[in-house]
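Below are two complexes that have chain A in common, paired first with chain B and then with chain C.
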Partner chain A sequence: MATADVSVTDNRDTTTSSGYKSRKYILGVIVAALALVPVLQWQTTNNLNFWLNLLIIIFLWITMSTSWNIIGGYAGYISLGHNVFAAIGGYLAAMLLLRLDIPVFVTAPFAGLVAMVVGFVIGLITLRVRGPAFIISTIALVLVLRTIIDNWDFLGGVRGLTLPLIGLDVQLVKIPFYYAMLLVALLSIYFSYWIRHSKFGLGLRAISQDEIKAETAGIPTKMYKVLAYAASAFFIGVAGALWSQYVTFVDPGTYLIILFGARPVLMTLLGGKGTVAGPVVGAALVILATEFSESQFGGTELNVIGVGVVMIIVLLFFPDGLVGSLRRAGRLPALLDWD
Partner chain B sequence: MIADLPQIIVTGLALGGLYALMASGLTLIFGVMRIVNLAHPAFIFISAYITWKLFTDLSIDPLVALAVTMPVMFVFGMIVYKLFFAREADNPRYIEITVLTTFALALIIEGVLGFIFKGTVRSTNPPYSQQAFFIGDIFLSRAQLYAGLIGIGLIAFLWVILQYTRIGYAIRATTQNRSAAQVVGVNVERTSMIAFGLGVAMAGAAGSLFSFVFTFFPGGHWEWLAILLALIVLGGMGSLPGAVIGAYLLTIASVFVNDQIGFKWGPMTFFLALFIVLMVRPQGLFGSKIEAT
Partner chain C sequence: MALLEIHGLNKAFGGLQAVRDCSFHVEEGSITALIGPNGAGKTTAFNLISGVLRADSGRVIFRGEQIQHLPPHQITRRGMSRTFQISRNLEDLTVLENMIVQSPVHGWRGLLRRSMSAEERDRAMELLEFVGIAKLAHAETRDLSYGQKKLLDFASLLMSSPKLILLDEPAGGVNPALLESIMERITELNEQRGITFLIVEHNMELVMRISHSVVVMAYGSVIAQDAPDIVQNDPRVLQAYLGEVTL
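So, the complex of A and B:
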């Protein structure tokens, strides 16, 4: 791949250069390879569940951070509480499975829609403030929902809900989740790409630069922000629903903790806020590092420390993230330039 | 049911002083530097753990430990400011960067505390933590009374520093208008550092008192974050009297909810108040509106 062909600026006409031509094929090959990974599961006697699990986790977090990036990156409204949408999706799918016996693969898109509608309503309320007030309100939201669910026996309270396994052989059980999560991750990336290149996305980026000027220029800032907030909730709701049955439980202690809400923020910052590729790169890196440190050193405390330390280093030294910093230096490979 | 009212008010007033002390540093730091210090409760927890260590290993009374935690946390605060915030002063993304930095700091502190002290729920139990006064049939915990009185005393002390000392003038000038303060010769850089240190010292004092009034474990600081934010948002961010009044109002309200609706819904008072005040009146009772930049 010709790494010499790089775009130095925001020039949109670079798609003709060779690095950008081959980019499409390379990305296609990567996606095809990912789609074929489970096939090896049938072919070999080796158990690939470890790798499938790792990839499913990476797809989950790619979905989380890519979706977060729509409101947090493009529009510049930092939310520390997007896990509420994962919780809404997870609990909704869990209840539908337990009460009505509808599989999560059917209810997941519906869970996404509900998360989006809830996001729209919450956005109408919370996006009237900005800056620190908005950030604080997103934390308050998590704690309000946490207190409600902790004390609501209908939803299992603190202990949460336990879901049945899907009735598949251990060799195959991860495969439907693998494809579902891969699909969700790809759709969320495409959605993010589409927004980035639409008039809507342009408006959002104007809002993040200077909201008052954006308003003066005729952008319906209020509606744009609320729509971006709702849009960012959709795939998180879908992923939350799939995740609930994948791990066979939902409880407030995993879905509604601050660390869950912090992760997409960290991933997006690390990869590059406001870029399409950034959250994908960030999510993959953070998950690989986390899994590595957990297998080597164990312990969640080190994990928490790691998240904090990486976040501070990125904030202080690379506030544009990997993709942003590389682009600024003119060294971003065409393969990762999806903007 | 309202027969409990005198009891609710007495408990609320006693606890309110401690809540106000915990919030005072947070509001000071926001006022001077526009930093929403999400690590403030984590700072309080550091001090609570130091106090716990001194108490269990050396049998030092938490009220005496105050004399250790305050200066230690004052220095710690100034170092944190120098390391992470001093260089960001002119960053156009100042608000975002500082909020996320304090968030990351809170995570690091949580992890380090968990690593050293494990996840066990702790508290110190000096003799007075188990004792109480009775005024008629009204019950008043000695621990809460001591914490509340010392809390208010320290806030009064902070108030005197702000009103009558040279550094106090500088801090207030910086709060009102940073660039104008610079023009008239205030060293805003140094003033900010000292103000940050003072705010964290208040967290240090609060942590020592906290250790015998409440229980704590490394991850427990997030809940307190929302509680403290509720107090200062209601009072008006940056306003010290606002933080005190917000603390008393919401503490009494939460004790009322504890008593009338159920213990587990008490914290909800703060979370909902935070949410509603932010949406309805972001400037709070006394503050100036929180701006984006």
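So, the complex of A and C:
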């Protein structure tokens, strides 16, 4: 018998309203517009590199936050150390480029796979505990990896590794990274969306609320959590690999600091933990706010304070994050309702 | 034939022996009641049987297989489902989602399927209808009343088509009309679908009316297991309850 599979939440009455019908097209137009941005590079005498760079950074953080949300949002296990997967991806791609001359665009998916496998193994160990103990274990992970890399000359130690630029002139050099990062961001959003609407995603949401209840409902919680942790590492590994050559270096001081690990958490909380759109909105807003405040106040500590204050204010008024709180109030635009 | 056999279960919390050399059985197709004063160890026994707690010693045999070492989800897969004394619904999920969570997932491919098939949805709606809360299907579970949560607990168990259902005080704190309706549902499922029940319940009138066999626990041990009319007149049982009253 042929039965249509549907998502639990596809049955809301709102799904039939016009906002939901046009959502697909509007999102399509946005993606198409983003894909066309680099084309303007030839159409204008102005150099668009500032905008390309800004968008690449946004795509990077959308990927980070969206991936983090799989374990941190859906399953409710707060990791402050997902930057280790970016570091693994970054270092792996850097070494393969330096030693074997394989371009990062080729190694990036492979870096994602390695990050995922490492995530699986780490998950088997750290996901035995929950709550504060789990959070601390994720910070410990960053510190351990940092210590190892700091002292490993093969990987450049504290100085890190410097990578060659790709051989394109300044007008073009950002474009391959732009498309690669855009693709990674879109795929990670789709991956997250797909999980959110799968049996797996429903199981993770059950785990985030009551693990014993989830177990007695028949969900192998241990396996779900480890899979979610591994899944959340994949696109972060890919993005880390691309980033390494984009900025032409990898070093412990950029990849393995607490701030890097905390950022996707803050972005996701701001946008809406456990929602598909939340991390996307949160990442874009934080990067834009940072950029704006840097342009206003210069590259000083004031930025950090400014962005921090904005975050606190937003979370005061939207405790479930922007998307989560708007949903609860019944005011979430259809365009952002991807759950 | 016994669907569930408990042999010499023990469980201590620190110095407190909550379950002590506990043995009883549940006949296939029966409604078996588990009674005893507050603190007798009934809920702890449920936790040991369903795998939520690990026993210090003893065996649990379900459908001929030892299960005391298995994690809860594997026990559920083998056809045993339970409720909790205090409802443990997933509050942030909708009522329908709470139903679907209980629906078994088959293998890796099942894991990656969309969260609900049309069949599952129909089945969930049918069961919600069965307990009379179908119109709440899309409500957030947190918004349900106490009694409605109990009904959801009960209905959701049926999603996995269990052989044995463990109910920990299904009627605790619900109004008499609802209680009556829950009991009717239990007898109906027992008689028409052959589902076996093990029920912890304090309402004696009710226990005596619907159960085929009664297990009495006191201080962690089983002091009697027999037909309701026999247990009712057992001096040891009266003593266990009277003993509590005089405390």
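In this section, the second predicted complex is superposed on the first by the 309 of 339 C-alpha atoms of A that agree within 3 Å, B and C clash if a C-alpha of one lies under 4 Å from a C-alpha of the other, contacts with A are read in each partner's own complex, and residues count from 1 in each chain.
What we mean here is this: a residue touches a chain if its C-beta (ideal position, glycine included) is under 8 Å from a C-beta of that chain, and two chains touch if they have at least 3 such contacts.
This one's a predicted model, so the numbers in the text were calculated from it and none came from an experiment.
Asks: What is the contact status of A:F85 with respect to chain B (first) and chain C (second): first, second, both, or neither?
Replies: neither
Asks: In this superposed model, does chain C or chain B come into contact with more residues of chain A?
Replies: After superposing on chain A, more of chain A is contacted by B.
Asks: I'd like to know which partner A:F234 touches here: chain B for first, chain C for second, both or neither.
Replies: After superposition on chain A, A:F234 lies in contact with neither partner.
Asks: Should A:A262 be classified as contacting the first partner (chain B), the second (chain C), both, or neither?
Replies: Only chain B; A:A262 stays clear of chain C.
Asks: Between chain B (first) and chain C (second), which does A:L141 come into contact with in this model arrangement: first, second, both, or neither?
Replies: first
Asks: Quick check for you: in the superposed arrangement, does A:P132 touch first (chain B), second (chain C), both or neither?
Replies: first
Asks: Name the contact category of A:V304: first (chain B only), second (chain C only), both, or neither.
Replies: first
Asks: Determine where on chain A the residues touched by chain B overlap those touched by chain C, and list them.
Replies: Touching chain B in the first complex and chain C in the second, no residue of chain A appears in both lists.
Asks: For the complex, which residues does chain A have touching chain C?
Replies: It comes out as residues 1, 3-9, 11-12, 194, 197-203, 205-206, 209-210, 212-222.
Asks: Okay, in this complex, where on chain B does chain A touch?
Replies: Listed in rising order, the residues of chain B that touch chain A are 30, 34, 36, 38, 84, 87-88, 91, 93, 95-97, 99-101, 103-108, 110-112, 114-115, 218-219, 222-223, 225-226, 229-230, 233, 237, 264-265, 267-268, 271-272, 274-275, 278-279, 282, 290-293.
Asks: Which bits of chain A are touching chain B when the two form their complex?
Replies: Residue list for chain A touching chain B: 76, 78, 80, 125-126, 128-133, 135-137, 139-141, 143-144, 147-148, 150-151, 211, 257-259, 262, 265, 269, 299-309, 311-312, 315-316, 319.
Asks: Would you pull the chain C residues touching chain A in the complex into a rising list?
Replies: The contact residues of chain C facing chain A are 50-52, 71-74, 76-77, 81-82, 84, 88-94, 96-97, 100-102, 104-105, 110-119, 121, 138, 156, 160.
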